[in-house]
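Please go over the structures that come below.
In the two assemblies presented below, subunit A is common to both, partnered first by subunit B and then by subunit C.
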Partner chain A sequence: MSLTVNRAGLGARRGDGPAGWLFTLPVIVVLGLFMLVPVLMALWVSFSDWTGRGSPLAPGTGFVGFENYAAITSGGGLAERNFGIAMRNNAWYALLVVPLQTGLSLGLALLVNRAVLRGRGFFRTAFYFPSVTSSVAITVLWLFLFSTSGAVNQVLSWIGVNGPNWFNEPAGIVHVALGNPEGPAFLTGSDFLGVSWWDWLSGPSVAMSALILMAVFTTSGTFMLLFLAALQNIGPELDEAGRMDGASAWQRFWRITLPQLRPALFTVLTLGLIGCWQVFDQIYTGTQGGPGKTTVTPAYLSYEAAFTDQAWGQGAAISFVLFAVIVVFTLFQRWVLRERDASKRVEKRIAKGAKA
Partner chain B sequence: MTTTAVRRRQKPAVRKGAVGQAVLYAVLVSLAVVYVFPFLVQVATSFKPDAEAAANAVSLWPQTWTFAAYDRLLTRSDFPLWFANSAIVTVAVTVGRVFFASLAGYALARLKFRGRGLVFALIVAVMAVPSVVLLIPKFLVLNQLGIYDSYAGMILPLLVDAAGVFIMKGFFESIPDSVEEQARIDGAGTFRVFWSVVLPMARPALVTIVILSFQGSWNELSHFIVATQSPELTTLTKGVASLASGQLSQGTQYPVKLAAAAIMTIPVAVLFFVFQKHIMNTSEGAVKG
Partner chain C sequence: MGSSRRTALAAGGAAVAAALALTGCGQGFDDAEDDSEGLTSSDDALTILYGASGEAETRAIEAALAAWSEESGVEATAVAATNMDQELSQGFAAGSPPDLFYLAPEKLAGYAENGSLEPYGDLLSNKDDFYPSLVQNFTLDSEFYCAPKDSSTLALVINTDMWAEAGLTDADIPTTWDQLDTVAAALTSGDRAGLAFGAEYQRVGAFMAGAGGRLVSEDGTTAVADSPENLEALEYVKGHLEDGTFAYAADLGAGWGGEAFGKGLAAMTIEGNWITGGLSADFPDVNYRVVELPAGPAGQGTLQFTNCWGMAADSPNQEAALDLVEYLTSADQQLAFSAAFGPMPSALSAADRWSADNPDLAAFLAGADYATGVPTAAGSAEVVSDMNAQLESLATGDPAAILASVQGNLEAVVG
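What follows is the complex of A and B.
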């Protein structure tokens, strides 16, 4: 910052203006052409009756107002039901993935951060490696591991468990846990987005659960690194003070370490939440939405509506609803990160107080 | 870190510490097994015949070794073509991103020009747009521009990455500008100062961009799905995804699929092991988010 002030005092150098624009021109052109223009074009398509033939900007395309948005959120048609199912699937996915990946990555970070640990490089590498591989390669591997006679079911059979037919099992795990009963009338009778409340409460399907485990497997390493960076930034003084005061390891974790990790924790939670609503590759590669549509996500549904069913308006409308969901989480994250600077200052004050 | 180690050694309750250590290692080792085992099974299975892969999915040592899966992939399928396409796109995208991100990052950090704030605001706004909502939009524009189903359509939209510009800007702001002032006094032009003075100093940040771009474009799937349709332009991700959904094979044929997935993992794995220190140290920069 001081540099900027300095230069402002000297005045702008000659030639900075043209050079500045020239240097940023490629970025502006590419981002404008392949991000900004596309979004505007898709926004138009989501309000139009374009069927995929010719250009959506050609005169033949008509404006239909909110018709496409109405079709996916009301009216009781197939489009609404598909959208409801996709939202149901993804909500359960997020609900399970976020706590599991956060808890696991924090646990891994705490274990690996032990000062006296030998082979810590090896462990970090082992936990992080799944994060660098492509989602396609991991999905192929997962299809094999969770196949009917796959490695997972063979390991389960060693302890006497008869594993399910993972990627072909559409039953929700909450329903399975209850023994697949008939739902009560007040839940099966009414619906939201074309999906009965009983089905909203079914839990993720067994197939989706396998994908949930995959997400936890591939993301925990990345988030472990975030937690490790945060752990290395907090000094040992407070922990030491707690130890002197006779606090147990458990108490020190909950009362001393965890509160200091709060900013990192919020970052991981919101990044995880945002990531959870962008599931596409795994579905495209692995299940194509099956079995029984139980692994369809909004991202995949928008692709399928547009490219397979040629319902481009609806597909674009779905992606804008999804966009809105993700923007809400992103704004939430920005807000939390602003909070983070404030809380860091508070922590420093606390730390100073503790030292004194 | 060292202070903690010293303190530990001073602790009198050595035996209690030893038991704790044993438990810690037991937990860590079993977790590491869970993380590593799938990849070992993958490699082992790719050397098994089909029947054995289906019958014994856990064993890490094939009873019958066979290179049939690799032979089939490399000599009787489009796999080499997919690999070549992925390599072309990845190299082009990585070179482009490194150049354009550092150029724009330098301008935004060091050059005073009107509209700089606006450009930066655009880049920050664009960073928030998730790629999955761009599937339909990108197809529309590629179609409109007439570069659908071409290398241009595959490469151009990936050529600039807002996050990369952001990282480079942050880096250039962190280095003192006394060096370039000297070069300027010596009469060097803006591009020359950037190219021969500033850029060589930016090596750590450039490595981060290389890692992120390489990994990002090598593993990219959704963009290629909406940007291409002809078999000649299929990339590894798209091709292996089509293998997975059984479009090329009868039966399960796990060895072929797993061999394909293993080969496509090798380049990013090599990158990862070469730059491991860098990735683990600048974790914040290397996290894809």
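What follows is the complex of A and C.
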């Protein structure tokens, strides 16, 4: 859309072109120098055998094709297994965080949007507060809350639950729920990315679950704000019309409010998904990937591979695979939430209603 | 749509070309090809990057540098690293690394491989004064890279109050694994474990050493992780983790063995000589004594850790840096460091004086005679961290499977 606008603009006033470029030049230079160039250099590193000394563009650095990508996706080595573990961890993280934070933020937005709620301002601020606090501070807070003798386990003990040693428990929650059985042979026998199918299905570890709760806690305030803005844009007419037609509160939410929130929903899901696949600070400051590598994420693994293990090419390759993953998921989501199909369905229903 | 995509591609291609041209200036960094024929020399000031254990270390290093600067006339600044790996890597990539820096043996191979390090060990006037086992840690392809700056070993630390409470005497100090079983059981009560240590090779490995096992053969050429000796050691530890007389510090809710010990969550711990500093700072009321680790089936064994003074190949003033290393690793200076913040000297000539000065800690130095080092091949740090991840669930895991996976991973990096 913006493309057509630009073209129209250029066509209408050709003389403004140089001035336009001049005004955008500072941003282009800054973004180019600090984003585009580093990204392209990282792309080159992911295809090179750069060892971390001197410039990656110096003559000594050779092109190795897809060697780094092959090392992390095949070959059966430790690099592949680490990457598989990181993908497993992050997939579960995204799978749980995205729906939970979207649901919670929508619920909070609906609550604080109600005109009758007393102290709306207070609740809006309170729910938004975790979002403006630094993730490092919240991670440290979380480490204390979820320590063996921390507040969470104290509260659990009141209801007779012997809480786990949260940040030191590598067992996956699906495995725990099943009672930690030996996996069936058809799942343990074969693997993907060096991790057996049984381990793919382990669920997030108890430690990762605590981080999942943290992500939901910190991000739902931001997304609540997006939903709230969208809700305030919805006029009351349709809702009143629905009321006149005798629709229940649930029907009005499901059939009238939610469809109008689709653009906001798409934004929240997309931002949530991207954020989920980029988890780094919580791991870096909190768990360092432990216990048992169950909180290693691809973003953290990329950092570790490069800075700690001097495998710069592999580190860069991991980040580009991660980029591809994010793009694929976003496109998929766009396809699922596409507008066209739904309006056709509505048209059909309207047509049917007219016939009847 | 199709045409705009093509335009985007073309723009991307142009951007790549521009990026290459833009960063072309970066090539200037790599001009000095290292032949390690001679050391560089200039009037440049030295920068020393170190990872401080605390205020005491910072003060001691700054004092030593000031004294050396006065003597040599070369300015030297100490910079405390908040993240050693990251800051070093950034320095090497940018071509402006610190001249001298703390370097762990498991990092040596990686940096040596890409030519970031200047091998200067054989140029040292005091090169024969270091413990041979320490020198071994920093020797790669028979080239002695850097001077070990200190050493530490693991020993058994005992809470003497709990010891007496359990009715144990000096005669009960364990010297074999069987005796360790007995005292650990006697000291275990309620929530308190008899012996606590970190869930990592860097502690559990002491049992492997006692059983006569290693991860990599002594000459560093073969992976020997899945040996019956290592299996025996892991099964011994697993058995006691199960019966509750041993415990991992993390499972007791402590960050490391010293914290579990200081908090009274365990009556004994296996730690290195750095524990004395930690205990006097955080738990000054705990009474303890240090004894050598009990001998395993293969005799006495412990692990040894060390760091060296790495020298950058890109340093413009290596001659001054060499002189500074000689100064910092001299017996007198090492004893001064030891008094200030606790590391054991790496110089043989300092050993007797150190033992005389620290009679309570003699067990740590005694361990240096039979200690095993950690694997140093490039990539072995990653293997050890993977092993540590598996050791965390040793109590419920299969020792043989753990060792088999470590063996597989080690074979890929060793030899």
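Definition applied: the second predicted complex is superposed on the first by the 301 of 356 C-alpha atoms of A that agree within 3 Å, B and C clash if a C-alpha of one lies under 4 Å from a C-alpha of the other, contacts with A are read in each partner's own complex, and residues count from 1 in each chain.
In the analysis below, a contact is a pair of C-beta atoms (placed from the backbone, for glycine too) under 8 Å apart; a residue touches a chain by one contact, two chains touch by 3 or more.
Just so we're clear, the structure is a prediction, and the values are computed from it rather than from any experiment.
Chemist: Once the shared chain is lined up, is A:L322 touching subunit B (first), subunit C (second), both, or neither of them?
Modeler: first
Chemist: Look at A:G163 in the shared chain and tell me whether it touches subunit B only, subunit C only, both, or neither; answer first, second, both or neither.
Modeler: Touch partners of A:G163: none, neither subunit B nor subunit C.
Chemist: Considering only the touch criterion stated at the top, classify A:L36 as touching first (subunit B), second (subunit C), both, or neither.
Modeler: It touches subunit B and subunit C both.
Chemist: Given the touch rule stated above, what does A:A306 touch, subunit B (first), subunit C (second), both, or neither?
Modeler: After superposing on A, A:A306 lies in contact with both subunit B and subunit C.
Chemist: Quick check on the superposed pair: does A:F280 touch subunit B, subunit C, both, or neither? Answer first, second, both or neither.
Modeler: In the superposition, A:F280 contacts subunit B only.
Chemist: Contacts for A:L228 in the overlay, against subunit B (first) and subunit C (second): which applies, first, second, both or neither?
Modeler: Only subunit B; A:L228 stays clear of subunit C.
Chemist: When the two structures are overlaid on chain A, which partner does A:G60 contact: first (subunit B), second (subunit C), both, or neither?
Modeler: It touches subunit C, and subunit B stays clear.
Chemist: For A:G183, select first, second, both or neither according to whether it touches subunit B, subunit C, the two together, or no partner.
Modeler: neither
Chemist: Check the contacts made with subunit A and report whether subunit B or subunit C touches more of its residues.
Modeler: B
Chemist: Report for A:P259: first if it touches subunit B alone, second if subunit C alone, otherwise both or neither.
Modeler: neither
Chemist: In the superposed arrangement, what residues of subunit A touch both subunit B and subunit C?
Modeler: Shared contact residues on subunit A: 3, 32-33, 36-37, 41, 55-57, 147, 149, 306-307.
Chemist: Quick one: in the complex, what on subunit A touches subunit B?
Modeler: 3, 7-8, 12-13, 15-21, 23-24, 26-28, 30-39, 41-42, 45, 55-57, 108, 111-112, 114-117, 122-141, 143-145, 147, 149-151, 154-155, 217, 221-222, 225-226, 228-229, 232, 236, 240, 271, 274-275, 277-278, 280-281, 284-286, 288, 299, 302-303, 306-307, 312, 315-316, 319-320, 322-323, 326-327, 330
Chemist: Tell me, which parts of subunit A touch subunit C in their complex?
Modeler: Residues in contact with subunit C: 3, 32-33, 36-37, 40-41, 51-60, 77-78, 81-82, 147-149, 165, 168, 170-171, 180, 290-293, 306-310.
Chemist: Which bits of subunit B are touching subunit A when the two form their complex?
Modeler: Subunit B residues touching subunit A: 1-5, 7-8, 21, 24, 27-28, 31-32, 35-36, 38-39, 41-42, 45, 54-58, 100-101, 103-104, 106-108, 111-116, 119, 122-123, 126, 128-141, 143-145, 156-157, 159-160, 162, 165, 173, 176-177, 184, 189-191, 194, 215, 218-219, 221-222, 225-226, 236-237, 240-241, 243-245, 252, 254, 257-258, 260-262, 264-265, 268-269, 271-272, 276, 279-280, 283-284, 286-289.
Chemist: Touching residues of subunit C toward subunit A in the complex: what are they?
Modeler: 4, 15-16, 18-20, 22-24, 26-27, 29-30, 85-86, 89, 92-93, 95, 110-111, 113-116, 250-253, 378-379, 381-383, 386, 389-390, 392-393, 396, 409, 412
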